[in-house]
Amino acid sequence: MKILVTGFDPFGGDKINPAYEAVKLLPDVIEGAEIIKLEIPTVFYDSADVMKAKIAEVKPDVVLCVGQAGGRASVSIEQVAINKIEARIPDNKGNQPFDTPVQATGDTAYFTNLPIKAMVKNIHDNGLPAYISYTAGTYVCNYIMYELMYMIATEFKEIKGGFVHVPFIPAQTIERPVDTAAMSLQDIALSLEYALAAIVTNKEDIQLNSGTTH
Amino acid sequence: MKILVTGFDPFGGDKINPAYEAVKLLPDVIEGAEIIKLEIPTVFYDSADVMKAKIAEVKPDVVLCVGQAGGRASVSIEQVAINKIEARIPDNKGNQPFDTPVQATGDTAYFTNLPIKAMVKNIHDNGLPAYISYTAGTYVCNYIMYELMYMIATEFKEIKGGFVHVPFIPAQTIERPVDTAAMSLQDIALSLEYALAAIVTNKEDIQLNSGTTH
Amino acid sequence: MKILVTGFDPFGGDKINPAYEAVKLLPDVIEGAEIIKLEIPTVFYDSADVMKAKIAEVKPDVVLCVGQAGGRASVSIEQVAINKIEARIPDNKGNQPFDTPVQATGDTAYFTNLPIKAMVKNIHDNGLPAYISYTAGTYVCNYIMYELMYMIATEFKEIKGGFVHVPFIPAQTIERPVDTAAMSLQDIALSLEYALAAIVTNKEDIQLNSGTTH
Amino acid sequence: MKILVTGFDPFGGDKINPAYEAVKLLPDVIEGAEIIKLEIPTVFYDSADVMKAKIAEVKPDVVLCVGQAGGRASVSIEQVAINKIEARIPDNKGNQPFDTPVQATGDTAYFTNLPIKAMVKNIHDNGLPAYISYTAGTYVCNYIMYELMYMIATEFKEIKGGFVHVPFIPAQTIERPVDTAAMSLQDIALSLEYALAAIVTNKEDIQLNSGTTH
């Protein structure tokens, strides 16, 4: 089994993006699966092009994209990407799309087809927090997840794919409000490793209530 | 113009649900539109049945559903409902669906077709906070929004519809952690009124950046 | 009984300070006690001078100072003022003291001598949240509370005094992060009124556990 | 130079207390100073007895007490301990003091006499967040800090002393709300080490604005 794991480069004034920094720390083999790492630019359109070229080249069984959600307290695994992008700040090339569909003929949204509850459970079982998120936002993270799931729906039908958000690392919060949550790069990388291990070992997702109360 | 506004009854141990309490405070006419108020049960399935019967009866031009999102600090207008329900706590009839689609043949998600940016702007212009949310959760709120948008997609194609989440009112936070946000019932009702006024007066939505940075 | 209630004027870029706005809404008589209202400047030193002159003039039995703690979710009643001021932003006259005692010969801290648990309980009993806070910060709010309690310790030994922090009102949060808590001016004023009523009717404080777990 | 570092044992249902776990990870020598580690019980009265016996035995130059403040996002260094204890939950021996002074003849509060701004700065300079807190609460943490500073004020006048609060570690947040902040045990231990290094190398505190805006 081959798993392509992408991570975004730094953006928005931060000098580091824990997304790709954590991806770099992953072992090259997890539960027997080969891990292929790819840094992608925090740029609408270009990021999908770079990812698609790599998918065509390495023909992975699984693609997991990783991005930063500053302020969240642990790794969150996304359920859904929506067909809308809207950028509060320009991306690294100056793109700032506004109320725009990702794909004119795409579905309103795509769900991940990864076993996300098993991924959360395996992280918990290894002593770290994690949870399922029901919004990936409207920026480049939602964009790349949508593009990935669109590719899977339309072209790469055998691939399993999804998206994981990671917190700030502590160094990024020194200049931020004192209640800003963070997680160490080591723990982020471990969370990703446990999530990937669950992907390899779970053909089907498991039962685990991750519902909300509103 | 006729606008049907629904609000949920109390659930989860609270004796009051600010959703329908605020709906009750709305004027009967807003910007010339007739406001029809309907309390619906915090129950999967039943809530949609009650709403659908009322839609068939009064033939509204617009349907706005209102529910509580405890912990949010102001009124939030939902962009999207997803085809998945999962309940952390049972509803008022004991239903606790788990990882279940709302409609087996429905789309993965539906966007609201209300002018939600104009709604947010009109609330701001009248001196109250409000924002666009990109997740309505997985409980009865997401359920009823999904059902509404599904009905609009499949049957009631002329109707505009959407969902608004409202915060706790202060009395609900006395026994909760001291940092739990709340909004007065009067301000919630005013926010709803300004949102409804914007629906009446905006045929098309406006430009207003509500994007995220992740 | 005469109660002097002070409130600060706007500072830090806000056009309104809910502290004095709420004080203005108070009735002139609460539980038979005369309420005397005084706006004081958000200025170190001057604020205490203005307050002291008024105390000398009206000879109140109780002095309650009110200030804004933006981000808190409800009215919080302060237990203690410390003999240290340190300003992250300049006050309204440009003073920005740094690691400075309020009174060179004052105690390290003073506790309020108001029945603060009875005040919290009376707010709760009337349906609004409130709590005891154990830090008034290091800015003008802590300053004025310290000066008040120092005056009481050294000169006006018959006076009861204390400090109450109030949240932002909703209009102040429109341009702030969407999770910023607020409380309506009406509810803030009611909270102050219930707190003042408890001061009038409780000679001794009551038993109510307000402890922390750290 | 000898530095005694105390850490509390687990309490309140948690199986681990990151306070003493982090203390155990400290090197035995920091900047030439000998580090003496002491686990103390999360028990009013007993904790001070245990600490005092150790102080009498090893005659340290500095005493730093460490406790957990669950929910805080980074290490926070306390400015002040107050002469009041009030326990929301019983301690590990069932004591639950209510509105009680720590020392009948003690000051209302004591400030730490450690160079706390230099400690924060050294943590920041080494890439981790940290901040000065102006409340240690009313539980065993405030208790032990008060007792320490009281001993220093009355008996051990040559000693420098203070208190540091540490966050949950990630494992403690698995069952807590998903936005609960945590810090890895390694980063907590490093923060303590940088704080201790600053104590050794800074005779006087430095200038660094840590003020609040309320």
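Per-chain numbering from 1; labels A, B, C and D assigned in written order.
Following the convention adopted for this analysis, a residue touches a chain if its C-beta (ideal position, glycine included) is under 8 Å from a C-beta of that chain, and two chains touch if they have at least 3 such contacts.
Predicted, not measured: the structure shown is a model, and the values here were computed from it.
Distance between chain centres (mean CA atoms), subunit A to subunit B: 29 Å.
Remark: subunit A and subunit C have CA centroids separated by 46 Å (rounded to whole angstrom). Per-chain CA centroids place subunit A at a distance of 38 Å from subunit D. In subunit C, no residue touches two or more other chains. Taken as a contact graph, with one node per protein chain and an edge wherever two chains touch, the assembly forms a single closed ring in which every chain touches exactly two others. Here the touching chains pair up as A-B, A-D, B-C, C-D. The touching residues of subunit C, counted against subunit B in their complex, run 72-74, 76, 124, 127-129, 131, 170-171, 173-174, 176, 178-184, 186-187. Of all residues in subunit C, those touching subunit D in their complex are 12, 67-70, 79-80, 82, 84-89, 98-99, 107-111, 117, 133-139, 141-142, 165, 205, 207, 209-214.
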